[in-house]
Each structure stands twice: as structure tokens, then as C-alpha cells.
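The structure appears below as C-alpha cells.
Here the chain labels run A, B, C and D in written order, and each chain numbers its own residues starting at 1.
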Amino acid sequence: MAELHAEAVHRHEAPKGFIWKYVFSLDHKVIGKQYYFLALLAVVVGMVLSWLIRVRMVWPSARIPGLDKLSPVGAPGGVMTPEYYLSLLTLHGTLMIFFVLTTAPQSGFGNYFLPLQIGAEDMAFPRLNMLSFWTTFVGLAVLLSTFFVTDGPPISGWTAYPPLSAVGSAAGPGEGLGQDLWVISIAIFCIGALLGALNFIATTLDLRTRGMKLMRMPLTCWAWFVTAVLGLLSFAVLFGACVLLLLDRVGGTSFFTPGGLIVSDKIIPHTGGSPLLWQHLFWFFGHPEVYIAILPGMGITSHILSCFSRKPIFGYKVMAASLMTIGFLSFTVWGHHMFVSGMSPYSGFTFSIFTMAIGVPSAIKTFNWLGTLWGGKLRFTSAMLFSIGFVSLFVTGGLSGIFLAQPAVDSYLHATYFVVGHFHMVMGVAAIFGMFAGTYFWFPKILKPLIPVHEFMTISALITGAAQFIFLFNLFWSMFKGEKASTNPWEATSLEWTVPSPPPFDNFGGKHPVVYHGAYEYGVPGAEKDYIMQDSPVKITAS
Amino acid sequence: MASREAMRVPAAGVNEAPATESVWSGGVSPYAVSSKKLGMWLFIVSDAITFSALLMAYSYVRVASAHWPMPFEWPSILNATVMTGVLLSSSLTMVMAVRAAKMANRKAAVGWLLATMLGGIAFDVLHLREWGGLIEEGVRLFKNPWGTPLFGASFFGLTGLHMTHVTVGVVYLGVVAAGFAKSKFTSDDVEVSGLYWHFVDLVWMFIFPLVYLMSAKQA
Amino acid sequence: MALAIAVVVALITVISVAIVVLKVWWMPLDISTHGPAIDHQMNLTLIFTGIIFILAQLGLAWFVWKYRDRGDGRKAIYSHGHGMLEATWTAMAAVLFIGLNLMGYRMWAEMYFRGAPPDALRVQVLGQQFAWYFRYPGPDGQFGPTHVEKVNDASGNFYGIDRERDPGSKDDIVTATLAVPVNRPVELVLLAKDVTHDFYVRELRIQQDMVPGMQIPVHFTATKTGRFEIACNQLCGLGHYKMRAFLEVMSEEDFQKWLQNMAAQQ
Amino acid sequence: MNKQKLPFSLLIVPLLLLPSCGGKKTEVSEQPSEAPSGAQPTPIDQSTVAAITGKVVFQGVKPKLARIMMDQDPVCVQKHSGAVYPEDGEMNSNGTLPNVFVYVKEGAEKYTFSAPTDPVVLDQNGCVYKPHVLGIQVGQDLHIISSDPTTHNIHPMPKNNREWNESQGPGAAPLEKKFARSEIMIPVKCNQHPWMRAYVGVTKNPFFSVTGSDGTFTIKGLPPGDYTIEAWTATYGTQEQKVTVGSKETKTLDFTFKPS
């Protein structure tokens, strides 16, 4: 067994040449950054789309100079048509859910820091890792290509409910080639996500360094691990569903299309399928997906709150257990998206019970975050500010879910702005806050310099979306011009802070660190400093 | 940093020693298998779920359809049974290949691998022949002569996905055989490919009764 | 900094609570017999979650301010957690959430498990891109069969009715407005012609998807007369935002008059 | 500058360029594939051309049409003072049929024609298409305008041409479209007002006519020869007649439809 592990050391040498070093790199740190920047691109596009959505909603006949050049059909003369609005909506959702929320916190930060935090040289399967990034990249390229299709991008929303998404261009503009490309893009994304998830699980299980018991792992690793399990199980289902939808669209099958449909006076030659089947398959993926988006943010928040409270995380075991509980329950609640779908009302009741149950581990997390702050010695770094913001947002967003989990109340609120507000609060803004927190926390490790903190910027970033560009500017400015950071500027305890910034190619200089403590030994009474690193063999007497 | 130095300090006089009392304490693979094998297991879990999704969809539309065709007469069932036999035998030859590989008998292992590939190819050929027959009878993805069009859709969808797996498997085994012959791959790689092959075989054991036996013509 | 965050969080809390308490955005008028129960459950949920919201947010603000690093050499409390405390709030959350759910269950059962009373007025509701059509059975109380090949929007045969051959269809009345009598049970049978639509009347507190290939019944009794919007609440294509019709709740007398008038126009 | 940083910014550059190079693909107009792009139009001796005229009669009881219900869109209701009835199946008071598309089905293949430069206009007024039936040549411009202060969408559902579906808001610029291949008839629908319907006949030659409120049609400028003339109706099917016209001749051709 020990031999197996020794095999892992120096499996690959530092690559030479630009392409192998930066483009088709096998280094988890490079791939992590690639994922991060892919998500950054997607989030900028997605954000611009959301601005257009807002503009169309408030000033329907507003003329946007130049938009007609980009989309002559969707915005003739620069004025957006109703169908263009739906395209924007569809692509905003798809980009944000898949290529931002699934990509940055998990594949971006996770790739970079999972091996570092568990004391490994790299992920378990570096080649597979590279392959999953480029698969994801192709998925994004295919999705963005729908902008340039004659009929315009798809208009059936990010959930792509059939029959609208299944019957082809009779159902409206964008339902031809645009929708085909959407399905293909998502199927490709599924493959990338599956390969990535497989890699994360194998890495977490197999490559922990000596002494890194599961219960000593930073909570970020727990979050990435649980997220990967969710990804492995849920994207497999979505992939199957996409195959069936594509068959319906191009193969003439009728999995999701019942007989007797008349779309725009045209009798549709399908028969025998069920639109609800898609909803079941989609939400079986879709609800775990919500947690795929938010769990890494929870992990990052826990990690940072503990570090900057200079206190151990409150109830580590419960925190890890609640991550697993949320993960498990997330597979039992998909039906709460379908209370009004025509599904049997009896199953609606069952799904509602499970959905309420998922509120319990979520509540535990909130209370434990507050417990971590309690009696701490709070340092208000940028990362800390975003983590506190995360907690506040999660409380608000989470509580609004209590309404939607009750079928009778949901039948009133379903598909209204209440729901839009709910999920934007939780997996939109809170998850993005998690990403901001991670970026500020780890930036000095990734690219040496510290991002300068400007309170003004932080507050304005909270208030307005446009301020995000200040963030982008700051990020790139700091990348090239910023001050150098030391190895452990935050006085944090986990293993990534034991290596130089940026970490060398093989992370730990060809040796495995040895872990003696859990990840949150802050403020230990009697210790020399107010933190004890995981690889420090110092004795902890207090408990 | 001091802690970086500490990394190299032996763990003497330490209260909480880096325990190796449990396989979960880090530094070893808890399942006592190589990461590659674990990866293949994880792939199988995920792939099994994709197949389950399709089988779920198949059951869903079958239950929801009033008249599900049951057209398979005994020659079809016989053909499918022979296919099942071929696939099962190829699992056996795969076991032999893994055994030979573990015993470092490269020649025998490659031979058994080739036999397994042959089994896979034979399965594909028999299957395609059957597809041809059905297509000739008028079965398409979107229609068939007997009843609900979803029969053809789910038949071709499920068996098509499985056939893709068999075909990919044959190529995969070929790569492994070639690599193993040249000592580029270890016996572990042969074993991992064996896992995949057995999985493909196992999936067929679900498809065979669900798609064929349950659609056999009732006398 | 600590003060700034504490103030921001506290302000957000106060403003959010004020919006609810002052009913800045509040539920629209309720015109159904089952609506008060839903509104009650909603209020109950608002109160419970509101208390947790206030405690959690203000707690956060308070902790952030109180435990800031004042540079006075104070050490953070070294604690890995408190088992009893965690067990307590886990249990409390579980009881609260599951309890709330069970309380809402009766309403759900009332709305969906129990069918409409036999004397209910039955109306077929058809959703299509992007309009609503309603079909009343006429004096015979029978809906005739529909024929896919007879559907022709341009000539007004939205349902595919054959008035000449099917005796059940002869007196069927198809309208573009849903009129119902007040204080009388109504059962709607929801149908979709092309893609999935959703029948949503806020004032009725009713929302139900209309799924192609399915006939989904909903029932209600309206308690107030007036004109209310029926909105499609499921993305159904480029004209989704304009897919609407009106629900007119009338006195029994007006309703009969209206129905006769509509029958004359068929 | 750190070497490690540069490549990632480079990675993004091609992606940012994507929109700028792809934008040109979304041209609205379709290149007419059957239009005489290279071929010169056949010269026709205008001094010999003949004409066909006639009327389309309906034999039978006047069909009962259901009233169009425009309740959903007040804008549509306001534009009409009385009840509105469908134009499909409608009959003129003199017993003739309006909206019959009469065209040369066979016999004109040997001639090629260039598309006229003046566009055909389809108006949306009172949530009704004006005209209900129209003819257009392959490659000729179709201008779709809206006189309604509401949003329409125009959705031709061809079998032989490309299907499209676009919204047109109040006061929006006219949609300018072309049809690339001949097709009899392309139904046009507005999904936001499902009763709205127009039919477009796309022909390779200019020999077509639509009957009006008097039920008559006239096809002018025909070179002498043998032709098959078809009369198309939305509800009562089609009929065709063979006809031979001589130089400068004006032939009379009547069609009679019965309830289907």
C-alpha cells in the first residue's frame, strides 16, 4: 500500500514549452487557473446579458447602439425583440449555472487547492484533468456559438422544458439549430464535469498525505469532495437526459413529446412521450446542481471565518456531517421543483418533507458560523468581509426557501420573482460572494501579490453590479503590478500556506508533508503563536 | 517559515502522532487499490447512473404506453441469447486475461485479451445483423410496424448506447493488449480494463431481460 | 470597519422587516374559499422565518462588532464547539421546519386530494401559443370529442370540435374569456395544445401547469365578483409574456346571460 | 512581469474576438436559390401578349363562420366597431369567392423572369392581415408592416422555404424578407393572435392574380401558348383548367367551387 502511494511522487516532470506548460498543462494549478479564467469570461458575458435583460424589461423600446451589429435578427436597429429577451434569459441562466457556479468554486479553486490542502503533488489523474478542462472549454464555445445562428439563440430557458425544446423550429425562433447546440453544449459539459468529479473523489480518497485523516481535512476539501460526489451522480443523469432530448430533436423519437400536439397549426408527428419525464430527469440533476453551486462556497466561508476569527471552526464534525447530509438529501428533493407540474400530489407531499429536512443541516451551518464568530478576534480582511456577507445572504436566501418547500404556499409563489429572488440570493449572490472570498483569500498564493483592499471598492461592489469591473481591473492590475506576498500572509494553518507563493511545480518539493492536527487550530492556549499549522508537530495540550 | 522546516523534523516527542492505525489516516489508499482502479470504479458508478436514467425513461414510457409491442419471436430471443452467451464468455476470457497478466504471462494475457475482443466483435456483428433485420421489417427510431413508436426509440437508444460501450471497449482492450505486449502497461491496467468489460457485460444483463424478454411474443 | 458591517447588516434587516410589516409589497386580493388558509400559512411562515431572520442577522451584526480585533491583546476563545448547543438548535430547526410543513399539509390535501363537488361547473381550459380558450359544455353538460385534424385557428376551431357529427359538441360554447358564477364550485380541466403552459390567477391562489398529453383538474369557488388576470406562468415561447386572458366572476344571473350571448355567437 | 501570468490573458483574447468575427453570419436575407441570378430574363414580345380573366363562383349555402374573439388583446378589439369574422371560407355577396389565388401552374417554365424591384407589402391592421392572400415572385422583397399599437409576431410556415418567426413591436421598422423558392401557398401566422392568418403564393413568374370582393381575377402579359391555370382556396380546395391563348387574345375562364 505504501508503495502505491510512493508511485504517486514525481509521476510527471515539469513540462517544457509554452503549449505544454500553459495550454495543455497537466499541472493542477494551471488547470485550476484555466477553469477560473473560463468562469471569469463566462461571468462577464452572463452579467452583460443580465444587464440587457434589465434594460429590455424597463425600457422595452430602448435603442442600444451596436447591438444590431451583434444580433441583427434579435435586435433590429438595436431594439431588442421579445424573443431576444428570452434568448438572453436562457443563455444568462445556462452560462451562470453551468459555466460559472459549477466551474469556478469547484473546478477552479478545487483544482488549485485540493491537492495543496491534502498534501498531494497533483490530482490523481492529471491527464483526465486536462481533458475535463478542455471538454468544458468546448462546451462553452458551443454554447456561445448559438449567438451566431441565423434563428438566434435558444429561448426555452436554462431548464429547457419540452415540448418547447423538443419540437423544433415550429415552436419559435431559436428552437432550431440554436436549441440543438444548447443540448450538445450541455452534454459536452456533463462529460467534462463527470471526469472532473471522478478525479476529485479519487484524489481526496487516495492522495491525502500521512496524518491527513478525513477529520483533519479543511472544510473546503470536504465541500469539494461532497460536491464531486453530487456531480458524479447527477451529471450522469443529465447526460442521459440530453441524449434523449437530442434524439427527440434530430432522431424523430418521442421520449418527451406526447401525441396529438399542434404547434402553430402544424400536427407534430410525435406520439407517446411525456414532458414530465424530462422534468424528473432534469431536476434529479437540477437540485443537486444547486448544492454543487453553493457547497464549495460554504466550505470556503467556513475556512475563512475560522482563519480570520482566529478561532477553531465551531463544531467541525457537525459541519462536515451537515455537508454530507445536505449532499445526500439533495437527491431526494427534486420534486419540489414540480409541485405544480402535474405530478401526483401525493409525491408532492413526500418531496416537501425531504425539502424541509434539508433546511436542518443548512440551519446548523448558519448557527455554527455564528458560533465561530462568537468570542473570536475578528480580522476584517476582504476575504473575511465577503465571508460575513455570504453568511448574511445565505440566511436570507435559505429562509425564503422555507416558503417554497410547502406545496400549498408554493402553488402561489411558484415561478414568480419570489423564486428568482430565492435562488439568486442563495446560489447567485451568496455563491459569488464565496468566489470573491476565495479570490481575495488565495490570490496571494496563486499569483504572489495581495489584492489591495479598498473599502470603497468593497462596498460599491456590494451595491452595484458595475463595480464588478473594478474588481476585474483590480484583479488584473494586481496580477501584473501588485506587491509580493509572503508564504503565509494570513497566518493560516492549512497546508497550502506551507509552500512558497506561487507553489512550485511539484507543490511540496518532492516530499510529502506530515499532518499532525486538524485544519483549524487557531488561538490555542499556551501556544507560541495564535495558530498552529497542520504540519507542525507541536503538542496541543488544551482541548 | 518555521513550519516548513518542521515538515522535515521527525515526529519524535509529539503528542498526536501522525497515526497510521487506520487506512483512512492518509498516506495510503484506503481501498487498497490503485487510484486508476478507483477511478474506473467511479466511472462505472457514473456510467451505471446514465444507463439507469435511460432504463428509467424506458420503464416510464413503457408503463405510460397503452400498447407496448411485444414482437420478438423465438429466433430473435435465440439470437439475443446467443449474444448474451458470447458476451458472458468474453467476460470469462477477460478473467483469464487478468489472471495471466497477474502471473506475468504476457503472451497468454494478450491472447486472452484478443479472445475477449473477438467476443466483443462477435457480439457487435450479431447485434448489427439483428438491427439490420429489424430495420428491414420497418423499425425506425420514430416508428415501427407494431405499435407505439417509442418501442423503436427505446430499443435502438438503449441497445445503441450499449453497443457503443462494447465497441469502445474493444478498442480500449486493443490498446491495453498492445501496451501490455510492449510492457508499457502493467497487469493493473489489464485488471482495470477488465472492470470496464465486466461492467458492460453486467449492463447487458439488465437490457436483455428488460428489452428482449419482456417484449417476447406471448403465445 | 466592524461598525460599518454591523450597521449595514442591521440596516438590511430592519428595512427587510419593515417592508413586510408595513405591507409595502403584499399579497393581492383573495377571491377564493381556499385562499385564506394559504394566506394564513404564509403569514405563519413569515412570522417563524422572520424571527429566525432577525435573530440570525442581528446576531451576526452584533458578533461582528463585539468580537472585532481591538488590538488589545485579547485572545480568542479556544473552543471546538458545544455539543449540547448544536444538538439543541438542530432539534429546534427540525421541529420547526417539519412542523410547519405538516401544518400546510391539510391545505394541500384539500386542494388536490379531494376532487370537485359533483355539482361543480365544468370548464375546459386550453392553452396554446399564445392564447387561452375556454369551452363550456352547453345545456347537455357534455364535452364532445376533439379531433386533431379539425383544429384550425384561422377559422376559430381552436379545440378541433366537429359540431355537425358529434352530438356532444353541438351546443359546446368556446370563448376567449373565462366567466364563472360567484359562490359556486368550478372545476377547470387544463389542457395544452402545443407546449407546456401554466394557469395562474393570483387572486384565486391557484397555479397549475398545463402539460401536453395530460388533463389536469383544479377546482375552486370564487367569493367575489370582478375581473382578474389569467397569466401563463410557464415559459412557452416568444409571446409568453403576452399570453393572458381574463377571469370574470359574475353573479349567477349575469353568468347565464353571458353564456347565452356567447352561445349565440358560436 | 511574471511569465506565468501572461498566457491566461492570451487565452481569453480569441474568445473575446469570437463575436466580432462571427457577427456577419446572421444576415437576414436569404440568397434566392431559384432566382434568375445569372440568367438573363427571357425577352417577351409585349405586342403579342394575351390575358386571362374570369371569376370564381361558389355554389351552395353560405357557410356559417364563427366570430373571432379578440378578448385577450384590447388593442385588437378597439380597432373594430362590430364583430369580426374569419376570411377563410368567406363568400362575397354576389355569390363569388374572394381571396382565391389564381396562377399559371404549368406552361411558363420556359421563361425566366427577374424579380420586380418594387416590394409587396403585408400590413397588420386590427390584428388582421391585409391582404389575406397575396402573391409574390421568387426573390422579390416582402415588406411586413404593422399599423397596430401592439406586438405581433410573423411566422410563415413553409414546406419548401426556410421557416422563421420574428416579433414586430409597435412602431418597429418593416421586416424585409424574401422567399428563395416557389411555393403554393405559405401560411403565415401570428402566434400572439392565433386567428391571424395570411397566405403567400411564391411563384417564379408574374402570372398570378387574387380575386377581390367582386370575385374576378385577371392575369396579364401572357405570351401565347398552352397553360394550366390553378385556382387555390384556403377552405374549398384547388381546381385547375387547361387553356390555350393566342396572340393578343383575352380568354375568359371561370371556376366554380362547392362546399367541401
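The definition used in the following text is that a contact is a pair of C-beta atoms (placed from the backbone, for glycine too) under 8 Å apart; a residue touches a chain by one contact, two chains touch by 3 or more.
These figures come from a predicted structure and were not determined experimentally.
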Subunit D reached from subunit C - shortest hop count over touching chains: 1
Touching subunit A and also subunit D, the following chains: C
Of A-C and A-B, whichever chain pair has more C-beta contact pairs: A-C
Chain centroid nearest the full-protein CA centroid: A
Most distant chain from subunit A, judged by the mean position of its C-alpha atoms: D
Length of the line joining the C-alpha centres of subunit A and subunit B, rounded to whole Å: 30
Whole-Å gap separating subunit B and subunit D, where each centre is the average of the chain's CA atoms: 56
CA centroid of subunit B to CA centroid of subunit C, Å: 46
Junction residues of subunit A - those touching two or more other chains: 81-83, 172-173, 264-265, 273-274
Multi-chain contact residues (two or more partners), subunit D: 151, 153, 165, 167, 189, 191
Per-residue multi-chain contacts in subunit C, two or more chains: 128-129, 152-154, 237-239, 242
Full enumeration of touching chain pairs: A-B, A-C, A-D, C-D
Complex contacts: residues of subunit A adjacent to subunit D: 18, 21-23, 33-34, 37, 40-41, 60-61, 69-73, 76-77, 79, 81-83, 141, 144-145, 147-151, 169-170, 172-173, 176, 264-266, 447-448, 476, 479-480, 502
Residue ranges of subunit C in contact with subunit D within the complex: 128-132, 152-158, 174-177, 237-239, 242-246, 265-266
Subunit A-touching residues of subunit C, taken from the complex the two chains share: 1-2, 4-5, 8-9, 12, 16, 37-38, 41-42, 45, 48-49, 52-53, 56-57, 59-60, 63-64, 67-69, 74-83, 85-86, 89-90, 93-94, 97-98, 100-101, 104-105, 107-108, 111-113, 128-129, 148-149, 151-154, 193-196, 198, 200, 202, 205-214, 216, 233-242
Of all residues in subunit D, those that touch subunit C in their complex: 65-73, 83, 86-89, 151, 153, 165, 167, 189, 191-197, 234-235
Subunit A residues touching subunit C - in the complex, by the definition given at the top: 81-83, 86, 155-157, 161-164, 167, 171-173, 175, 257-265, 267-268, 273-276, 309-318, 340-342, 345-346, 348-349, 352-353, 356-357, 359-360, 363-364, 366-368, 370-371, 373-380, 385, 388, 391-392, 395-396, 399-400, 402-403, 405-409, 411-412, 414-416, 455, 459, 462, 522-525, 530, 542-543
